[in-house]
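Presented below are the structures under discussion, each in the form of structure tokens.
You will see two complexes here that share chain A, one where it goes with chain B and one where it goes with chain C.
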Partner chain A sequence: MSSNCTPASLRAQKAKRIVKEIYVYIILLAVVTVLSLLKGDLFQRGNFLFPPNIANLLRMSAPILMISSAFTLIFITGNIDLSVGSTLSLTTVVHAILVLNGFPFALSLVIVVALGVLLGSVNGFLVMKLRITPVIATLITMNAYQGLARYLVPPGISSITTTDTLKMPEWMGHFSKDQVFMGLSWAFIVAIVLLIALVILQKRTLFGKYLVAVGGNRTAAELSGINVVKVVWGVYILLGAISALAGVARASYLLIGEPYTGVGAETEAIIACLLGGTVFTGGEGSVVKSFVGAIIIVCLTFGLKSVIPEYWQLLAKGAVLVFAVVLNHLLSKEAIAA
Partner chain B sequence: MNKPIKALNARSATGKISNEAFLNRVMFLVLIVLFALASIFIDKYFSTATALNLIANNWYIVILGIGVTFLLVSGHLDMSVGGIVGMAGVLSAYFTQPANEGFSELGQGLGLPYGVAILLTLLVCLFIGMLNALFIAKMRVASIIVTLGTMSIARGIGQVAALGAQRSAGLPDLFGVIGNVPLFGPIKIAAAIAAILVVIALFIEKKTSFGRRTYLIGANREAARLSGVKVELHIGLLYMLSALLAGITGILLASEMKAGISTRGAGFEFNALVVTLLGGASIDGGVGSVLGMVIGALILGVVSSAAYGLLLRPEWQFILKAVVTFLAIIAQRYLLDRRNK
Partner chain C sequence: METNVLQIKGLVKDFPGVRAVNDVCFDIKRNVVHCLVGENGAGKSTLIKILTGACERTCGSILLNGEEYCARSPKDARDKGISTLFQELNVVDQLTVEENLTLGIEDTTFGFLHKTDKIKKIIDVLKDLEPSINPKERVGRLSVAKKQIIEIAKAVASETEIIIMDEPTAALSESEIERLFTIVKRLREKGVTVIYISHRLDEIFTLGDYVTVMRDGMHVATKPIAEVKDRTELVHLMIGRTVIESYVPKEEQSDEVLLTCKDVCNHKLKNVSFNVKRGEIVGFYGLIGAGKTELARAIYGADSYSGEIVLKGEKLKGTPEKAIKAGIALVPEERRTQGLFTLLTIKHNISAMNLKKISKLGLLNSSQERATAKNYIEQLNIKTDSMDKETSKLSGGNQQKVVFSKCLFANADLLILDEPTRGIDVGAKAEIYAIVRELVANGKTIMFFSSELPEILHSCDRIFLLYEGEIKAELQNGKDIDSQDIIHIVTGGAAS
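Our next item is the complex of A and B:
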């Protein structure tokens, strides 16, 4: 409030702002510290912080890192896309089918990303042109894309993989498994490049300013001449394309086209964005912090998997989401009060 | 924000029937047409057995749909119902299983009488509903985000209680009664319970101030608050009601299978939403009805069974559901726009 202008309250406000800036890093530090004190079965040499272990973790996490960074943008515009997980599933399957049928990597990549653009623009069309509420529209496409992913896997088998007549080429795993730099994979490097590109897009371009304007006050944005339909539609397309890229990375990591691989990815992306302090009603968010939020989730998922039975995963995930909601709520409330 | 409140009475001053009654009639017509089409194209589809099976196979979605309809009318989503169905099934089994004569960890339960087990299970479900209520009504977090979280929590509790598998060993015979006693043909007691719940819901919707307030909140939350409706409490109660209904569904389904299966109810949240939307409800709030939802459930049932009859692969169910929902939303909006011009 404007009445709070005493030096003490100003100092308190400044402290709160600093907390808001750095808390996601503190959580990451805390999670890593706790995990490094545990002795897990899956950790190489029984130590979480063993470098090859971390490198493996990051290689594995490229898809969710890509999706979470891009998801921030849709949150900033005040919309949501629940279909990212299904897009991931569908593009994983399509990439595997193409590669299995002899398509070279580059061609398959182009086709799959084009598919992602198409899937994203369908979302954008439903939300912006037909004006179906984002949650409902993307729930519909979530089911449609997931259904397609399953449909593309022939009956009787559970995933796209080497058959009697067709063999998955050896280079399938190169994108996500090859250790090109300090144990990291191409897919992870692409995720980093993408992160940098998205940060530039958000901070240094007019498009980034438009996103915030649309999310902050849509009517005001429209009145000041921003083409809201185009902006939000563009973000849906971008998110679709990046989810498709994530699908390529996931297929390359799994070496098969698994139609269920994206189930729950939207929840993970939402958790990552909330942990990163993105305001879900729009107008505020940081791509970098969502990226860090995604790393937290990956650490937790992988770390917990090696210390407690698999069936605890879902409960843990839900608890983390609720924790993120509470944290997000408390910090944004402080921002309003300050 | 200030959208006009649609006429709540069956007939407005101009003598036209309300939008709600209009949509219900249209969707009922769609149901008849779809059933007729299925009867023409599928051999032996037109029979009493098909009609009875429609009821026997869809009662659970109707129970879930009641809670989801009320919430949607008030402008909120509940994605946690599917998770609660799974959790309630496992917990009701766990509470009932014998305490110390199990062969394995999965056979070990608490050995409580079935009635007590049901009450305890419903209490846990209410707790999940309270979580929803706290975050959505009190803290005003977007309902989709919160209920995605509580969905994971509920199903997660189910998975932990079932150790990632299912609980079926050593359950007493009583456990399988409410889900299996036949009334006539394929229709069992569970379907009758669903019917009773629908009648109660219709009464609440049409005849009580609680029901009418739900519409007011959905149409204009601020106006509702200013006219003295305790909006937060009301929405909280709706979430607890929805969780309770999902708990009842889970217990009935577990009884039907005589097993608590933690993956039971996966995707039910979407089905419940679909039937509600088919019935003419809108997420923008203030519109929708339990009767429409029941018609919507029957439409979805006809579409699903027709797809099965046409020997489509089960994967088609997902795509069909998505397409049907999309068409319903677009068609209903088109009809209402034309009508209210």
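Our next item is the complex of A and C:
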């Protein structure tokens, strides 16, 4: 340890720390720059950075932003939740069904979030009480929740939408499509508020500190009298609830209850967190950086849409993931040696 | 108030096949530094595990302040007044010093953290013990020594009565050790009883008030340090009647160089250079953390390194697979997790490193496998009723013989032994030494890595001393070798 204290190695350590601090912002800048050069004149119609285009992109991305921010917390505890995408699918469908059947927005929101709490606590139960490995446990619920979402859509139709007898109310799109402030929607504003709330939760509360303790050194946490089961279970519930909130936003954006809308959302959330420098093994992670990571993903998905075919888009996303994981690995490896 | 803070009466702990703690009785006085010594496998660790609630006793009683004491978990033990400084430190690297000290006892309003006098008090305890630690620093950036101090401060702040320290100096430098000693003395002034476990006997004379010696699971003696004449007496108590036959120099030395290491460096090793001659037993001695395992793994190709390792004139490059082909085999440090497939049988383990030899076109020849197993079971005297027994059911010594068999069957010329006698009983140790001798007589070459000086002195022809990843000295074993000197060097003192 003491041998690592030469001025040169100290400088190198410091440089590494700074790179770790800012690289997600550099990637965002690079991605945005490349996308804006691909097509059209800068800031004009057809260009990626055309302001209405950006506003629409942000309106559309609210669900994945919410999920990615919250996903950071489960990563910090050293666990994982693969079922967030299916939770998103299921809650989108449930919200659409409730609204279609005349439930007011607020009531449907409360019911859907309560459903999210239930789904999250099932995950927590499987992982913490039945002690099933998180990957396996949430792989199971990922399939179960997705199946449930498909089951709720009556046979013969592909999504919950206006029928002969029931009409989707006109206000369905208010939450995600209305431009309330500089072209942004309520859902996006909620995503920002949520981000701030999660930052406060992480930095200022006991719960936030316990997340780090549990993920950083579980034995030490247990020895200090922390109820590890309760803490991790709590994060699963929180993530379930936020995924459900994202479901409401997604339904409002699509105007229908599409049962496969959440497929792949867990992958996007994982990439977002890794881009943001979250450590896979727990203990470290920043909600803000995951949020930025999610914006990178959204930019790639949306910015490449009209430019290259879909399989290239998937490949591009895959390439970014590999890059993120390798970079993350390199930076955290250095951190251990220091 | 009772003068004895802890009374242990007739304590017994049975593990399958072995009695680890056998009818141990002794008392620990209040407000002293009470040392616990004994060889590996003497039962110290098991005794400590019972005290800390990590394992349950078979029978016997423990009285804490005159009342029956039984801990269900380390947390429970801590609540009842017995804290432990484990070798595996229980701090959260990602939190700050202050956050670690208050972990689990924070003050909150509606879930929000805020500062109170309580935090200030705990930090004062820390400042009192070690003023140089900044409470705002992230613990991951601190040295092991400072992490220990944080744990001690936390225990003191929770008004613990007893702190158990398990080999606390194993990973510390000399100046850090001194600082720890000052702190231990300070703890005694504060009315805390310290149970101190160490292999380093000098520490016990410097620090201890009382010493308890254990051997083969039994209590040998408890006396005030002042009544122990010297080191020799202590060593005698520890080792007992078992006399390790002393080193016999080899009659003829080969001059053929088998292995050369040149400027080997990696995350732990610093410019390690040496050579090994055919038919030698070369010892590598150093304390825990000196880089022994890292060196063994580098030679075997299990860890990456820069520099050159040359075997029989050919440069070794990198993987255990290639090392085995070149004629090297490793008996790893952790027998159960690295040396054996514990769920497989003896015969399957023995053949595991050289399945090609007993297979044709990808099909295993099981009669050949049995013949091989039979051969080694006889040759190395593995005590078992059947070669179809799972290795997890064997005793430590017999397990180790299976690992040796496995390496020998792989046609190794050079055997790297990393702590080959760890956790096995005295009798089995002697057998392992005999096996090592015999192997050399049959033309093998041995690199013997150990943190137990007696066995190094007993077995090795040449000895390299490691400290902090560097070779500090090379010694020819013989009558005039000075163990004091060796200890001095491997604890960071200058080579004389």
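Please note the rule applied: the second predicted complex is superposed on the first by the 331 of 338 C-alpha atoms of A that agree within 3 Å, B and C clash if a C-alpha of one lies under 4 Å from a C-alpha of the other, contacts with A are read in each partner's own complex, and residues count from 1 in each chain.
As a working rule, contacts are C-beta pairs under 8 Å (C-beta built on N, C-alpha and C of every residue); 3 or more make two chains touch, one makes a residue touch a chain.
Note that the structure is a prediction, hence the values are computed from the model and not measured.
J.: In the overlaid three-chain picture, which partner chain does A:K317 touch, first (chain B) or second (chain C), both, or neither?
T.: So A:K317 only meets chain B here.
J.: Please name the chain, chain B or chain C, that touches the greater number of residues in chain A.
T.: Per-residue touch count on chain A favours B.
J.: Applying the touch criterion given at the start, work out whether A:G283 contacts chain B, chain C, both or neither, answering first, second, both or neither.
T.: In the superposed model, A:G283 contacts chain C only, not chain B.
J.: Just checking: does A:L130 make contact with chain B only, chain C only, both, or neither of them? Give me first, second, both or neither.
T.: Once the two structures are laid over each other on A, A:L130 reaches chain B alone.
J.: Which of the two partners, first being chain B and second being chain C, lies in contact with A:D178: first, second, both, or neither?
T.: In the superposition, A:D178 touches no partner, neither chain B nor chain C.
J.: Considering only the defined contacts, which chain C positions touch chain A in the complex?
T.: Checking each residue of chain C against chain A gives 73-75, 78, 88, 90-95, 99-100, 103-106, 108, 111-113, 140-141, 143-144, 173, 267, 468.
J.: Can you list the chain A residues touching chain B in their complex?
T.: Against chain B, the touching part of chain A is residues 80, 82, 126, 130, 132-133, 135-136, 139-141, 143-144, 146-148, 150-151, 155, 266-267, 270, 274, 280-281, 309-319, 321-322, 325-326, 328-329.
J.: Under the stated contact criterion, what part of chain A meets chain C in this complex?
T.: 1-3, 204-207, 209, 212-213, 215-217, 219-226, 283-284, 335, 337-338
J.: Which residues of chain B touch chain A once you look at their complex with the stated criterion?
T.: Chain B reaches chain A through residues 77, 131, 135, 139, 141-142, 144-146, 148-157, 159-160, 162-164, 262, 270, 273, 277, 283-284, 313, 315-319, 321-323, 325-326, 329-330.
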